[in-house]
Amino acid sequence: MPQTPDVMRRFEVPPRDTLPDDLQERIDAETERAGFTPTIFRAMSYRPSHFRAFFDYHDALVENTELEREEVEMIVVAVSGVNDCLYCVVAHGALLRIYASAPKLAEQLATNHRIADINDAHRAMLDVAVKLTEEPAKISEDDFDRLESHGFSRKAIWDIGSVAAFFNLSNRLVHLADIRPNDEFYTMGRD
Amino acid sequence: MPQTPDVMRRFEVPPRDTLPDDLQERIDAETERAGFTPTIFRAMSYRPSHFRAFFDYHDALVENTELEREEVEMIVVAVSGVNDCLYCVVAHGALLRIYASAPKLAEQLATNHRIADINDAHRAMLDVAVKLTEEPAKISEDDFDRLESHGFSRKAIWDIGSVAAFFNLSNRLVHLADIRPNDEFYTMGRD
Amino acid sequence: MPQTPDVMRRFEVPPRDTLPDDLQERIDAETERAGFTPTIFRAMSYRPSHFRAFFDYHDALVENTELEREEVEMIVVAVSGVNDCLYCVVAHGALLRIYASAPKLAEQLATNHRIADINDAHRAMLDVAVKLTEEPAKISEDDFDRLESHGFSRKAIWDIGSVAAFFNLSNRLVHLADIRPNDEFYTMGRD
Amino acid sequence: MPQTPDVMRRFEVPPRDTLPDDLQERIDAETERAGFTPTIFRAMSYRPSHFRAFFDYHDALVENTELEREEVEMIVVAVSGVNDCLYCVVAHGALLRIYASAPKLAEQLATNHRIADINDAHRAMLDVAVKLTEEPAKISEDDFDRLESHGFSRKAIWDIGSVAAFFNLSNRLVHLADIRPNDEFYTMGRD
Amino acid sequence: MPQTPDVMRRFEVPPRDTLPDDLQERIDAETERAGFTPTIFRAMSYRPSHFRAFFDYHDALVENTELEREEVEMIVVAVSGVNDCLYCVVAHGALLRIYASAPKLAEQLATNHRIADINDAHRAMLDVAVKLTEEPAKISEDDFDRLESHGFSRKAIWDIGSVAAFFNLSNRLVHLADIRPNDEFYTMGRD
Amino acid sequence: MPQTPDVMRRFEVPPRDTLPDDLQERIDAETERAGFTPTIFRAMSYRPSHFRAFFDYHDALVENTELEREEVEMIVVAVSGVNDCLYCVVAHGALLRIYASAPKLAEQLATNHRIADINDAHRAMLDVAVKLTEEPAKISEDDFDRLESHGFSRKAIWDIGSVAAFFNLSNRLVHLADIRPNDEFYTMGRD
């Protein structure tokens, strides 16, 4: 029998069956897909209106994008490493290992993206995502020129920046609520 | 005849009539409400799916909340000041002046919230919002204790943190795209 | 009848008529010129010998200079924005709006000079002023070369650096004493 | 025969006999007092109006003050150490050794004032001077309370802050012009 | 057949059989113990005299200490996380999982030790180790008092600080040479 | 009769005659060489196993190296200045003055190596040593290219980085224990 996961430490988690139907449906769908309920879905149900907007934004970022899914997860892990976000490093680290078929990439990107085993285009992509995280006011046309020289379109740059920006929101919610990654994420995709 | 506002400098602004109907409707409603089209609505229309999620999240933060609207705008201006975000400082500065009936508060919060003319509860609220912006990994139970001692409920703390987190997204999109505040915002609510 | 302005919060303001004659004369002249007494003159009268040297230095910087007055105020606002100095952002923001006939420039420079609507020479000028504020030990001949390539003479560079340096003094006195800008400054030059 | 000292590296030093009479007189008086001409007097003569205001301010800070001269020099050396200012660390280090009869104090304060061999009142004084240098916007009533608990009057706090603020100006001029300390300062007061 | 591991990227790795006998013996012993040759032993053989001192110091830190081995590894992973050191996060993360029988602890400590599942004494221990890493000049008697209140002796504090200090050396050598963790370390101790 | 020097303030100094023979011999040899016992030898004797590894490493760095001894001391002083380490600034400042026959160099390097009177190769060497101290994760091939363009071999770069890394350990031990430089070091090599 699965243990109740440790969801978050600073807010009470509403019981699943007290939630609006659309939240229950999304939670059930995610549970079926992953084989367990990623804690972020239980945590965000604290405010149903936030749950909906948060996951709609997330879904838009991974579904309606110029980026490959593995590129999205690369950005997530690099940004979350800079922001010291445990949930995102561990959970999206697992997704990155799976989508990129790269079992060592999560640790590399979470620790120091500059020396990760990635190509130059991806290094430029992550340099800009990290700059937007650390020194957003210093983004300039030079950053756009560099990304365009590696073949990223303006639309792709919007998508890179939007993923980085969204996880600057997400990382902070996780820190606020002290949301915990499921145990499963630590080991997924390692072989 | 109103001039076309300067919307954003790093991405092309899609013409209004090429946009999906729901975006056109929202833009028209905002234009009617404000008397001009706040540029953020034109800018976010670059990616309609992002537009929808972004404004749904924003609407949830101001409509479904334990906070007064002026408290929301106080957080926005303080966070955006820390992140050096021109659009948000100017546009939400205007909203803050109006909602708080406080013509000097925007400059005070954007420059240094520590000395603003606000009460101790609001100073605690802004200290936490700024900490979540600058050093999110250091948020601790002590911050919750301090806010609760000023009467904020756990749910209100979630809302404070969520507004701060959302504008850490928003500030970064503005920096990426170099979105410009409408001229009107500079002077609104100053008398 | 004008209200007594809120001058400073951490030191007592000496009554005008207890001050040495030369201070009274300067205060009266400034009051006549502005239509109100800028609080900085009342605050600095706390130490008459500091008052004299402070305003002599200031006068030298604006009167005996290779820079246009609007350039001086641009440097003041950018530096004071970096140092989060409310008095200087608000009071010199007003002067900048007036001298530069640019109602939006103060917010742009106080928030993020990198994207302000200024020419390349002024951007180089402000980059160096901000660098001298944030990382003074890293100023190098490269900074001089860049300014000279935009037509600034060595003497003009001395003046740029001196304005930046002086407001690094001034911003800190304001923070120490918690000096408050007059209400009038918030709205001057906005039309 | 004394060598011409190395005054500054980024601006030309005006010949002494081209200077206004009052500057020549001050330079001669300083030369007589020290036995050599401290380079700062030659450097500041680049702009005579700045020379006058700069040294008037300096004189006010050391002559018209609640602080002992050795306290003034302690603040100068600690602040200049934080700002990495070679001229001020070396020249005022020499003054500090002499005024405080403390041959090891300059290195201690320039390197890490927290462990210097000074009393608790002076440690509090330097903590505030360094805070005003590094994080001026965070100065608060708590800092005043701490200084007052060690017996500093409000007027003395003004003086502490003013010395710290002035050397934030001075350190930056030195960095800009690359002003060099006289060789004599390195060894003065060491026995 | 085992692949030659990727040892380091910025210096040539000397062939094992060109090394002095004592280095070969140590490398062989480590290989036998681990089942593979941890790359750090091959990397450090670039300078045999450094190899000997480095591992002697390391051995002293783990053999002659007031700390449990798992406490040593906790400090290593927290410090290396702060310093963004891939080799140390991955290799010592593996050792930590094994010595502490705690499969999730490495990610917690490398990402944000403040929320790791550890007791208060260990949190105090890591707070001081991280402070010694980030702001070493601010270590004070207060830090000693806090550690002593949790039962750490002076000798144990020396050992905590020495492990932190040694990995501030080690992390920098790894960054310099771009030393890579063996693949085995990524997965060791995860079940 | 020589006074007992002030060795360290946070740990007890073991009496010399309670130490293992090899430590006594090393201490005696150093005392004979210098004419006094540098306090670091007494401080490190707190843990004999650390004493041995620490000085073996140090000896390897100065004896088995591509660098001149004065280059080693230049790196030590610049790194220790960045880390605000009193013992190392003062004691190695003295060694630097002697080995480089440069009585002003210690203050220059401890305060701001960028403007020290050194050649371009040494400036590049110190830029990399300081970068490895402040931002070790950003070291890249560009830093190697720059050093190689000044004639440093790969082996010399290893040695530069190793000295910088070792003093990042050493500076932190000094801060932890509050180790004090001997009075003699303040004045050695000044004529």
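Labels for the chains are A, B, C, D, E and F, by order of writing; each one numbers its residues from 1.
The definition used in the following text is that contacts are C-beta pairs under 8 Å (C-beta built on N, C-alpha and C of every residue); 3 or more make two chains touch, one makes a residue touch a chain.
Because the structure is a prediction, the values reported are computed rather than measured.
Asker: Using the contact definition given at the top, which chains are in touch with both chain A and chain E?
Answerer: The shared contacts of chain A and chain E, listed by label, come to B, F.
Asker: Could you report, rounded to a multiple of 5°, the rotation needed to superpose chain A's C-alpha atoms on chain C?
Answerer: 120
Asker: Look at all chain centres (mean of CA atoms) and spot the one farthest from the centre of chain C.
Answerer: E
Asker: Between chain D and chain F, what distance separates the C-alpha centroids? Give it in angstrom.
Answerer: Once rounded, the distance between the two centres reads 29 Å.
Asker: Provide the C-alpha centroid distance between chain B and chain D, rounded to the nearest whole angstrom.
Answerer: 44
Asker: Mind pulling the residue numbers of chain E that touch at least two other chains?
Answerer: Residues 84-85, 112, 137 of chain E each touch two or more of the other chains.
Asker: How do the chains pair up in terms of touching? List each pair.
Answerer: In this structure, the chains touch in these pairs: A-B, A-C, A-E, A-F, B-C, B-D, B-E, C-D, C-F, D-E, D-F, E-F.
Asker: Enumerate the contact residues on chain E facing chain F in the complex.
Answerer: 10-12, 46-47, 49-50, 52-54, 56-57, 60-61, 63-64, 83-85, 132-133, 136-137, 139, 141, 144, 154, 157-159, 161-162, 164-166, 168-173, 175-177
Asker: For chain A, which residues are in contact with chain E within the complex?
Answerer: Counting only chain A, the residues touching chain E are 9, 81, 84-86, 89-90, 103-104, 107-108, 110-112, 115, 178, 183, 186-187, 190-191.
Asker: Which of the residues in chain C end up touching chain A in this complex?
Answerer: For this pair, the touching residues of chain C are 112, 114.
Asker: Hey, which residues of chain C end up touching chain F in the complex?
Answerer: Per the touch definition, chain C meets chain F at residues 137-138, 140.
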